[in-house]
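Shared chain: chain A. Partners: chain B in the first complex, chain C in the second.
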Partner chain A sequence: MGKQRAFHVDLSGCIGCKACQIACQDKNKLEAGSTWRRVAEVVGGHWVPLGGQWHTDTFAYYVSMACMHCEKPICCEVCPTHARAKRPDGVVLIDQVKCVGCRYCEWACPYGAPQYDASAGKMTGCNFCEDLLAQGKNPACVDSCVMRVLKFGELEELRAKYGTVNAIAPLPEAKLTNPSVVFTPHRHARLSGEDAGLDVTVDKRGAK
Partner chain B sequence: MNVHEWALVTFTILAQMSVGAFIVLGVLHWFAVRKAGLEQADRLADHALLAIGPVLVLGMVASTLHLGTPQIAYRAIANLGSSWLSREIFLGTLFAGAGAVFAFMQWRKLASATVRNGVALVAAAIGVALVFSMGRVYLLRTVPIWNTVFTPVMFFVTTFLLGSMAIGAAFVATYQYLQRRNPGNMEVQAALVRGSLRWIAIVSTFLLGIEFVAHPMRALYMGQGAAPASQSAAMLIGPFGVLSVLRLALVFAGAGLLGVFIYQNASSAHGERVMGTLAYVAFVLVLIGEVLGRFLFYATYARVGV
Partner chain C sequence: MYPEDTIAKILKVTALNRRSFLKWSAALGGTAALAGGGFRLLQTARSAEAAGTPEDRVVWQACMVNCGSRCPLRVHVRAGEIVRVETDNTGTDEYGNHQVRACVRGRSVRKRVYNVDRLKYPMKRIGKRGEAKFQRISWDQAFDTIAGELKRIKAAYGNEAIYIHYATGTLGATVAKSWPPRATPIARLMNCYGGYLGHYGDYSTAQISAALPYTFGSTAGNSIDDIENSRLVVFFGNNPCETRMSGGGVTYLFREAKKRSGAKVILVDPRFTDTGVACADEWVPIRPGTDAALVNGLAYVMISENLIDQHFLDRYCVGYDESHMPPGIPPNNSFKSYILGISADQTPKTPRWAEEITGVPADTIVRLAREIAMTKPAYIAQGWGPQRQANGEQTARSIAMLPILTGNVGISGGNTGGRESGYGIRVAAFPTLDNPVKASISFFTWSDAIRRGPEMTATRDGVRGVERLSVPIKFLWNYAGNALINQHADASGSAKLLANDKLCEMIVVIDNHLTPSARFADLLLPDTTNFEQNDIAPQGSSGNMGYAIFAEKAIEPMFECRTIYDMCTEIAKRLGVEREFTEGRTQDEWLRHVVEATRQNLPNFPAFDDFKTMGIFKMKNPDGHVVAHKGFRDNPTTNKLTTPSGKIEIFSEQLYQLGKTWELPKGDVITGLPQYTPTWEGVSDALRGKFPLQMITHHYKQRTHSTYGDVAWLREAHPQELWVNPVDAKVRGIKPGGRVRVYNERGQVELPVKVTSRITPGVVSLPQGAWYTPDSRGVDQGGCANTLTVYRPSPLAKGNPQHTNLVQVEKA
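Let's look at the complex of A and B:
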């Protein structure tokens, strides 16, 4: 396998502050409602009988997600213009010259990653802060994480270090697109597909 | 529902109607030649043929309205290797081209009738490939409500149902026009129109049957699946329940009831005017029903994941 840049998120330490989401919007000068990185809030739990009493087993966890720069990117498959393409370093980019703004990738992507820029008539999305990387800096989201749980690196190295979990509810099952991401699950986290009874809110900060 | 989807409703409906009309017209023309000779068959069919082109072009123009940057719409055929959207646009353009070549040859009576038939067959084959590719565009593994065999089945039913209804209306219009210009001596044309409408009634009743089976089956099949398939099914019978029923009722009223009427009237030499009105009404009802159906197709979109 070639090089594949990827994010690692330690969800056991994520407090859902959304600093990553805001830092991304700020650095990339995104319009309100356009979120290259989003944080899903997942809650669940019930009343359970325990020793003649009723207790609750409610829980909450957060999933910070951006473009997964998938190994099998459905956006690149369906894109009619080749605007979406996977670079040798594994990053999936959107060529702003080629994109016609048909929004087909937006329909297809199971991570809701492609964002439509209505004023430009083009799709936009996470470019792994390639400009910052070129200067030897970290992506904006990584540097903004107050809990220091958002990291990035080579997928194989991240997997060797943190394991291979890449499908946490409410994200889809990994086999659809093979996302280039590594999660350290929260202790209450459910795996993809086991999202029955979960209540999920994805904050589209500033969405009209 | 925004302009984005209305543009696609308009495009898919008009493009499919064009393909259906082209093929139905070809088949009916073939029968008419055997029944009344080439000249009478051409007299009946040529006006309708020239109307198909503008409908298709209108649809393709509408399709560019769903693009954020329509001025570079030509770029959308770049990924023929893996994108069904590229293939759809490519085949649409090809069908428009082949159809235009045939229409011009037929209009100016260029080459022999056999050669023209050959060109028409090629155009029809491209048309079928176009409708197939339109179906494939929606077979996304991340969108369960679209990713079933029902999508291409429904697209082909729409193609031939709308196509035959449109040709029925076009034949009646042509007949009335010819009658105004040249009153009397219209027996042959009257017989051809009656015969064509009978076949249209039979075929559309059959297609109506498929539609009436396919729609409930699709809702049931989706309803049994996990989210988001069940989410789409819930929309289909919940917030869009009334529209779903209305959509089928309109197509039933158009293709079904009027089909029976046309069949009965077309069998007799009488009731020409009634028959004509029925052909128009049936076309309009089916068109509205199919547009509603296509609106629901897009409106019940729900994707796997987030």
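Let's look at the complex of A and C:
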């Protein structure tokens, strides 16, 4: 059994530029509307009038995310054709022959990671850029990161190096699926589940 | 060239789509709809891929746009098509020897090259100007027409009637570049033919570029990586994390340098920018156009609590106090007198005074003043947003007062209060010869020069080289630029002006895409992208590392596109100046010439063929970090500044005199001291009764100005939205995600709204650069900020005040 592959994202330095998202679309030939990697913007805080002027505790951070290749991948559980399966090395793949495009996995995934390709009628998603890994290279998103906050490696090694945080608001609590990911939190990051009052944007708007 | 059947397929598809392609809406809305089927090339390539054609060829290229960075791209080419875009992969990517990684825009360039709105063949206007009704013509017809019009206009009006417009759509190369216009092949062509009306200044930096040299003799700043040596960083509207996102550029260096020094970062900005998100420890929200008032409040505290660097002020500066004034200036004109209220206005610039104007609470001002004065070295810098205002010249010089008062100029870890700088390699230039026409205008006043050229004078309109223009602009070159309509102020005013073809008689537009400006062409010529020709991008700068990129031709010219050098050569032939223009060289031969000329002064610069193989050549600054005015700081007697006094001129006698001699519109001032100057459509304008919100127009991650505005990936990642504070949204019944109408007396824009705490109450921001798309009612559905901006040149620079706007917003 291979070791679980995973991403590490240092959210303290993510500027929300989405170079990772576009590099992924470019490498994997995805048109607008299909984003295997996405970046959520999280904004919190209030404006309060005090002594005649506005005061604020506004904060914001970004969360770059792709398929979490979860330890308990709910997408595999719900897939009626067994198209989705977790390989021994932990990569959750979609068998393009078996997939019938029913979109159950998309509905079930708490991260909204599986992406539907309407032209093919199939689900698609991150495979860590397997072809690049085979050439000894990094996934496309990792080498695109202008702030060098996106890394790829074996989950255990990443945990040893960067800690074990794998849930940050607005993402769900880790116990649902045990995502194979390591986050270094932003200084303003909120815990999963403590996202009341946060303004979260994961957009697919403007693509038209 | 591509195989004929491929071209035939492309043109067939094009013909089918051309009807809608030429409508306003199609310039934007059509893109996504057609992207799938519009380019048969993609399908050709996919089938080739399936057939197992040879491996990709990887070609070094560059993203040649006007962001201030210059990113290398490595494009994968298969069967004549770019199929993937990577970036710098050289070295170990350790800070200091880092890769220059392209940002989100450069990564998407494939979708710009293969965009359905690519111009395909030469066209001439057949409808009214601006209607965008064109007819296909041959290249010979196009060249003959241009040469004929140049001859006619030269004979009728003289060369001063020929204008090369400000344009930055292809920027950073050696030959095929549109900026600066005086360094383009078109400038060389015109200089061979008697010259053209030139311009000075630019839409990015007009006010600071005009003002700061009066203080320091230049706009120099310390390199961004010198923040390694700072203890405090104060940014006024400086936002590298959105404006300079290159991963070898300022964004990355800033964060790395901050990590190393642990400097606290204070961000003064109306928006909580991504620079704030990733790098700031404190955000000080401020009302637009009031930075100078904040500086004054800070200065008041520093002076009254004796926190200033008196030794620095005495030794290096003119005009701080009454005992260091230029001779002949009446008393009470020093900076200290102005701040303490001993000056003519009799107004002490107390923190309470500043609070009323800026919205920054007085106790915050007191705290910041102490912190800034007592934490050294402090890297105090401004971006170019604060200066792009009606009072931008005053703001730029005022912000520089903080490092001057605290003695942070000329030292490592400090800065001038200007923008950060970096190191660049001195690569030789493509020579464009001397312009025989001496007259030039401010870049911003071209629309006045069309309307009323001969009325424009040196002291009223900032005309240079002559006292008065002799003729209006009659022939306009617009090569790779979108400032005819989109990026110039008052888009609909520009449209009306240009629609009259009795004023400017000939507009030649050369571009890759059907931009809003291209729609106003009389002749519309399809340019190759930089991916379709060889060139050199010489001026890469990443802190104290400079680099040059060999941008190799990756694909054949698309459709009937030709290079700018080729076009100019053909026109030169018809004007009888081909020999003077080419000197017998092709574009590639010029590139060889430039490389050889570079090697004369820089022997370790690679030879042409080696450079082509390397793709990128990097070189560290032998002197380490750039420290502006270090020599002056070390010895002000032997290393004088280039100001008239040789010192830092807090009080500029030159400006004092200009303020007395120039003819200025009522309310506009030029003053010897940097002062807070309330302006029209500023925070205190009575017009706020009708249009209560201040509107700024921030640079946006989707685009570099208007470039990349037609790329669906980027429109998805970073949609065009109006930023509105929840407080302002609530009273207007505006809900997140809805559409709003933004309007003032100049125009209306409808677009989606982003209700966010990341912008100050009373302020909205409409990201600049989206493509002007008026509907049948004249309401802009494209989200172009300049639908709402005003054409009114600033006092000194005659520059663009595009962040000085009052608007109202309502639910659409």
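What we mean here is this: the second predicted complex is superposed on the first by the 194 of 208 C-alpha atoms of A that agree within 3 Å, B and C clash if a C-alpha of one lies under 4 Å from a C-alpha of the other, contacts with A are read in each partner's own complex, and residues count from 1 in each chain.
What we mean here is this: a residue touches a chain if its C-beta (ideal position, glycine included) is under 8 Å from a C-beta of that chain, and two chains touch if they have at least 3 such contacts.
This one's a predicted model, so the numbers in the text were calculated from it and none came from an experiment.
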{"item": "Clash or fit (per the criteria above) of chain B with chain C on chain A", "value": "fit"}
{"item": "First (chain B), second (chain C), both or neither touched by A:V202", "value": "first"}
{"item": "First, second, both or neither for A:P139, with chain B first and chain C second", "value": "neither"}
{"item": "Which of chain B and chain C A:G125 touches, first, second, both or neither", "value": "neither"}
{"item": "Chain B versus chain C as contact partner of A:I22, first or second or both or neither", "value": "second"}
{"item": "Touched partner set for A:P73, first chain B, second chain C, both or neither", "value": "neither"}
{"item": "Touching partner for A:T81 - first (chain B), second (chain C), both, neither", "value": "first"}
{"item": "Partner chain in contact with A:H55 - chain B first, chain C second, else both or neither", "value": "second"}
{"item": "First (chain B), second (chain C), both or neither touched by A:G90", "value": "neither"}
{"item": "Chain C versus chain B, contacts on chain A by residue", "value": "C"}
{"item": "Partner chain(s) touched by A:C109 [first = chain B, second = chain C, both, neither]", "value": "first"}
{"item": "Chain C versus chain B - closest C-alpha approach in the superposed model, Å", "value": "15"}
{"item": "Residues of chain A contacting chain B in one complex and chain C in the other", "value": "none"}
{"item": "Residues of chain A that touch chain B when the two form their complex", "value": "40, 65, 74, 76-83, 98-104, 107-112, 116-118, 120-123, 170-172, 176, 193, 195, 200, 202"}
{"item": "Complex interface listing, chain A residues touching chain C", "value": "12-19, 21-23, 25-27, 31-33, 35, 39, 43-47, 50-56, 58, 60-62, 119, 140, 143-148, 186, 199, 201, 203-208"}
{"item": "Chain A partner contacts - residues on chain B that touch it in the complex", "value": "4, 66-70, 72-73, 75-79, 82-86, 89, 137, 140-143, 226-227, 301, 303-306"}
{"item": "Chain C to chain A touching residues, read off their complex", "value": "29, 32, 35-36, 84-87, 89, 93, 101-104, 107-108, 110, 241-242, 245-247, 251-252, 255, 272, 274-278, 283, 285, 355, 359-361, 701, 712-721, 725-727, 736, 752, 754-758, 760-761"}
